[in-house]
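Letters A, B, C and D mark the chains in the order given here, with residues in each chain numbered from 1 onward.
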Amino acid sequence: MTSQTARLEAFSDGVFAIAITLLIIEVHVPGHEHAETLGHELLRIWPSYLGYLTSFLTIGVMWINHHYVFELIARIDRTMLLLNTLLLMMIAFVPFPTAVLAQFVETDGARAAAVLYGATLTLTALAFLAWWRYASTGRRLIDEAVPDEVIDDVTRSYTPGSLLYGGAALLAFVQPWASAAAYLGIAGFYALSLAQWRARLGRSPR
Amino acid sequence: MTSQTARLEAFSDGVFAIAITLLIIEVHVPGHEHAETLGHELLRIWPSYLGYLTSFLTIGVMWINHHYVFELIARIDRTMLLLNTLLLMMIAFVPFPTAVLAQFVETDGARAAAVLYGATLTLTALAFLAWWRYASTGRRLIDEAVPDEVIDDVTRSYTPGSLLYGGAALLAFVQPWASAAAYLGIAGFYALSLAQWRARLGRSPR
Amino acid sequence: MTSQTARLEAFSDGVFAIAITLLIIEVHVPGHEHAETLGHELLRIWPSYLGYLTSFLTIGVMWINHHYVFELIARIDRTMLLLNTLLLMMIAFVPFPTAVLAQFVETDGARAAAVLYGATLTLTALAFLAWWRYASTGRRLIDEAVPDEVIDDVTRSYTPGSLLYGGAALLAFVQPWASAAAYLGIAGFYALSLAQWRARLGRSPR
Amino acid sequence: MTSQTARLEAFSDGVFAIAITLLIIEVHVPGHEHAETLGHELLRIWPSYLGYLTSFLTIGVMWINHHYVFELIARIDRTMLLLNTLLLMMIAFVPFPTAVLAQFVETDGARAAAVLYGATLTLTALAFLAWWRYASTGRRLIDEAVPDEVIDDVTRSYTPGSLLYGGAALLAFVQPWASAAAYLGIAGFYALSLAQWRARLGRSPR
């Protein structure tokens, strides 16, 4: 990481931090008509809690990825700036499909909601992949101290993401609930696989 | 604190700052039907002000704790990243139970609301404790310049937190109002006890 | 400013930046029933725009003050941490009275709304004054390179603030509109007087 | 960029990051009455998505501009502080006209909504221009290492912005849809033209 990239990363961190914290706004306080049975009502809205958990974990893992990959970057150019803006636009969008899925997963709208959620995460993963492929192809923006094997590791780690989310989005057409479970599972999987290539990064001369 | 931990702390600070500032969104502007008696209405919603005060103080104290403990940390690993994400997820959740408690403390829903608030703070305190125990056990992530007595001080200071909040949450089942008072009292207690171990920290070679 | 104070200032900056940006949430989008006369409706809600302007300017000036005074501080202690948290709690509260005043200034609730706004700013100014008096009394937390005359300048500049806001809040009881104009006027006055002691600060050996 | 300007830029970055992320709040979750036809409803609100895209791109490009121009600045003064606050006030205002345009573009209110959006962006561009002209006239606040030709480049790049937005706002009176398309087009145009003078900046001795 150089001083040239530091401010872009700080701005990106800001958007990640705000998007992840705004998720709570979509967990709605029950109306006063539920005063007598508030306990049950607070349990009934469990999809909102689960949506909060899934999206918080997803954005959190993406932030960790974004943060560590940035350490491999030595310079930025105009295309990179635009690709990063595109990625942030997808990250900041996540609270919307999270709320839609949480509020409609138990209704007839479950399928459309689960597809929207999956489509958003697929596009986000693709934006991340485009960002990384642009930076890493021919080591375009990569710091020269980074060994090739680290680059290959990251590429291997990112490529399946959009396929996994795309698959879960397709699954949503037939089994909305199964796809919702898959979204949570993918976030957990990435949290663990991240740990692995992170361990490898630790061996690189930084 | 090292450069390795600096960005994680900056991201965490962002989430703390946003969560604490979002609290005001849940203090609702009265509807226009209250125009003629706006003064009384603004006084009637005092639980919202008190909830804002309690949660602001609670998150503020937790930020101060998080900030100073981070100064004792020399490195981070994957488990630490996940535990920190979990802690931030609890912190960012606080505006929700704050709003529920403020809006239902004077209704039949007071008990459920007070239990939800207490359960949230108990889980937050437990997430903080897990974070610290993981970092400090066997001095796993601790800077070598930090003396053992400082670590013991912090551990002694944190351990009762989850018990206090857990106790207040149980109290909520029988006395919602008393538990609400306890939440404010605990925040005040921590503000003061923080000052004490902070004074000790001041003696450590930083 | 030292590294010890740097993180507290960064956290404070975050709260200031979020509070000032959240002001726009309280400028409400008209309902669809106004589609045919949207132009008139957008003009009719001018108090929301003026409230946005006044509070943005007020928080902006307070941030500038907070920022420059922090440069005179060499260390922080527990009382300072609590006073700063109190100040941030008032700053983050400002969007609420702003929305109340904007929505009720043309109704029977104008008086109560204007009093609430003035009371909030009076308390904010008092929190700022307490913060500064605690830091500056006997040069408790002041950097030794700062000459006494600079401290006296800042004290002279801050002291009238709470009186001005208190006076405007009292004025609200008899003339809500006049007090609303005063709030905007005070923000403008401070923007200018700030410039003056800032010019003096420029002469200090920093 | 000097340490004197660093904190002002950090605060500005915070406001930009929050304003751009708050845009998602105005993409409203459909009501439960749309459960059976949620898929159609999610498609029907496409103006909200397009508004999100346009404003995200617009604020994103303005942030990139603000960021790079700040690198040419060596010092700040009181007028600069006020002009920067004014610019941030316009940036933070953008989510409001974005929501109005998205919700009324298919109604009789389209004209008023498109004019409001255009007027906001025109004022924002003017605030940016005033900021830059004040800083650059007679090289008032410019770092001495910056060659004159870079300053002229930036001036040439900024001047047409307010004219373009002003023209699109006038177009809104006769063709609301055409002006909405123009707002998106201008953001794209600036993303590209930015790349050009950025390339030139790269040649300057920084």
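Following the convention adopted for this analysis, a residue touches a chain if its C-beta (ideal position, glycine included) is under 8 Å from a C-beta of that chain, and two chains touch if they have at least 3 such contacts.
Quick caveat, the model's predicted, so the values are computed rather than measured.
Seen from the Cα centre of chain B, the chain whose own Cα centre is farthest off is D. At the interface between chain A and chain D, under half of the residue numbers appear on both sides, which makes the contact a different-residue one.
Each chain gets one centre point, the mean of its Cα atoms, and the points for chain B and chain D are 36 Å apart. Distance between chain centres (mean CA atoms), chain B to chain C: 26 Å.
Across the assembly, chain C contributes residues 10, 14, 18, 22, 25 that each touch 2 or more other chains. Arrangement of the chains shown, judged by which pairs touch: one closed cycle in which each chain has exactly two touching partners. Contacting chain pairs (ordered by label): A-B, A-D, B-C, C-D.
Residues of chain A that touch chain D in their complex: 7, 10-11, 14-15, 18-19, 22, 25-26, 78, 81-82, 85, 88-89, 92-93, 95-96, 99-100, 103-104, 107-109, 111-113, 115-116.
Of all residues in chain A, only 9-10, 13-14, 16-18, 20-25, 27, 29-30, 32, 34-39, 42, 52-53, 56-57, 60, 63-64, 67, 191, 194-195, 198-199 touch chain B in the complex they form.
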